[in-house]
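Sending over a structure as structure tokens; questions will come in a sec.
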Amino acid sequence: MKMTGDMNALTKRFEKLILALIPIPTSLAVLTSLWAVFLWVPTERNLGIVQRIFYYHVPSALACYVGFIIAALASIAYLARGKQVYDHLARAGVEVGMLFASMVLITGPLWAKPSWGTYWTWDARLTTMFVLWLVYFAYLLLRAFSRDDEMGKRFAAVLAIIGTLDIPLIVLATRLWQGAHPAVLQSTKADSGLKDPAMGITLAICMLAFALLFTWLWTLRFSVLRMTEAVEELEYRNDEALAS
Amino acid sequence: MFALIRKDLLLETRSKETIASLFLVGLLILFIFILSLNVEQSRVLEVAPGVLWAAIVLASLLGLGRTFLIERENGCLAALLLAPIDRSSIFLAKFLVNLLLMLTFEALLLPAFALFFALDVLPALPKLCTVLLAGSIGLAAAGTLFALAALNTRSRELMLPVLVLPLEVPLLLACVHATEAVLRGASLASVGRWAVYLVGFDVLFVISAWLMFEYLDLDG
Amino acid sequence: MTKSTRQSEAVHADRLVRNFGRLRVLRGLDLRVPEATTVVLFGANGSGKTTLLKVLAGLLRADSGELRVLGQSYPTHAEFRNRVAMLAHESMLYADLTARENLDYYARLYRVRNRARVQEVLERTRLDEAAERPVRGFSRGMLQRLSLARSVLHDPELLLLDEPFSGLDPGGCDLLGGLIEEQKRRGRTVILTTHDFERGLSVADRAVLIHRGRAAWQSNRRLPCATDMSEIYRHTLASDSSSLSETN
């Protein structure tokens, strides 16, 4: 019990720290990325202006994976220790992860259409993202529709863990598939055209911006979940006091 | 654990409900696909494996929930939790029963499949059966684990496909391609990649599900 | 293991708390049950009796508090569950199997070696004639007797019975009473809940009144008679609702 009391206190302190410190750097990073992507970095020769989406597409994917992996780790902790704080961490991770996953799935087709003429390609990255999106959408549904609070959270935790374990399997399967149908699929391998060092720098800036953005959103969501729990607790105590 | 398996098999052989429904649904799905797809015989191998696995997966989604549903009636699940049996053994028992049901269902469906698509499956039969076995193990493991999760929700059985299908996408991909390769008479080597993948998938899923059951800390 | 006073307690529960989401069912319940005694739990519906039994059986985990059952604290390994049995509201029987098949299954599940035990238990609960019939056609009383048979099949040290008298005709009630007596003679512990003061007090050594998730009253040396018990019950419930009406 003592350990989790510490965990609670620890996360509270981190939460406060992050929420206090992060807004300014994040805003700066995002603004810088906007400048870098739209005003500074040169246009890529082959793909044109549309290629700039890439600078947001890739970091979104990264943020999404980070979110899901964090959710899986927190879910393991939740199953092992049973303390609510881990469940909040996991849930926040999935929700923010889903946000970024949706971004990837939107920016992908937006990029693909002008570049290759079709909105969707079954390449490894997009397919993986799509399947993951489905898996974690199922997670959100499971949480929404569970009847029993406690068991519902635990089942969701299992889903989050297995979903993340599934990631390499999905990637592997789509790669094997690609090997069989090279004509159908096109490579959206992002690192195939980073000729200008400015592009590398821009990408790095965007990665940083998204990393900060993810942390901010995740912490915010987590604090909301925690506050909701605290409010319910207070409401309940109030009811109890009135009844006796 | 064997008591559990024995009991489930006893219940099933007595009523034969599950197997009959599975078979009928599988048959219907095959039929619907054939009606809606317009494929010339020369190109049939491009779609047939996909249709076969679609039928297997969809039918199994219906059947997999049942093994836990019968426990829900009359509170038998609580009885299992009270019994001196590990949680993971409960999973193993249900998983094996589900697997057995699926394999029986597939054995019945295969002749129909061969007939409908006018395919000669006999030469490839042993390899085909191996693929079916490998695929079924993965489907049964994931399905058994999440069947219990689905029953815990308000929408019950409806949740099972939602939960399990996304996770099984890679498995299905592998199964369909392996089946196609086998039916085309490819050598074991070329099928090899998919085969290894299937084994890997199965091992991962069965072990994860088995472990998870213990850590789920199921409540009465 | 050192022999302390705790060893001779079948149940040692301190400040058990169990919530279901926002609903607090057990709110710091204390209970001590010495081995080889029979305790009857009275209480209104929703007072937490069933939840308490489930926690004692290991079906549910307490959110906080200390609990030792037969000297062990939960969670235990699977083998321990052989020593406990529970009769619940639900029959835990398979409708499509016969009575005998149901018991055979449970016998196997609990690794009951003695083949004759199933027959013995069927005869004891007067179900041997209906043994080959599917449970689906059983009457309420027969179901209850079969569930009872299921619970005693593996000869548990601790028997938890949740409203065992419900659904039983007078003959069935006598049968149950006899069974509980038998358990007592053999040094087994029995904890039962019931709404029937008369019957409950006739089989028990001790009585406890559960109210709003706590043990509100316990009998001391002597058990009250049914009328007194009924009085205590009403009094406890009334004193609570009067304070409710004040705030409304």
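By written order: A, B and C. Residues from 1 in each chain.
One rule holds in what follows: a contact is a pair of C-beta atoms (placed from the backbone, for glycine too) under 8 Å apart; a residue touches a chain by one contact, two chains touch by 3 or more.
As the structure is a prediction and not an experimental result, all values here were calculated from the model.
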Exercise for the section: Sort the chain contact graph into one of these: line, ring, star, complete or other. Expected result: complete
Exercise for the section: Kindly work out which chain lies most centrally, taking the average of its C-alpha atoms as its position. Expected result: B
Handout entry: Greatest separation from chain B - chain, by CA centre
Key = C
Practice task
Can you check how far apart chain A and chain C are, centre to centre, with Cα atoms defining each centre and the answer in Å?
Solution key: 49
Fill in the blank from the handout: CA centroids of chain A and chain B: separation to the nearest Å works out as 31
Problem - Distance between the centres, which are taken as Cα means, of chain C and chain B, whole angstrom - result: 40
Completion exercise
Multi-chain contacts in chain B, i.e. residues touching at least two other chains, fall at 217, 219
Practice task
Indicate the residues of chain A shared as contacts by at least two other chains.
Solution key: 148, 150
Problem - Residues of chain C engaged with two or more neighbouring chains - result: none
Completion exercise
The chain A residues in contact with chain C across the complex are 148-150, 232, 236, 240, 242-244
Problem - chain A residues within the chain B interface of the complex - result: 79-80, 82, 131-132, 134-135, 137-138, 141-142, 145-148, 150-152, 154-155, 158-159, 161-163, 165-166, 169-170, 172-174, 176-177, 180
Problem - Residues of chain C that touch chain A when the two form their complex - result: 20-22, 24, 243-244, 247
Practice task
Write out the stretch or stretches of chain C touching chain B in their complex.
Solution key: 54, 57-61, 75, 78-82, 84-86, 88-97, 101, 105-106, 108-111
Exercise for the section: Going by the contact rule at the top, pick out the chain B residues touching chain C in the complex. Expected result: 2-4, 6-7, 10-11, 14-15, 70, 73-76, 78-79, 81-86, 89, 217, 219-220
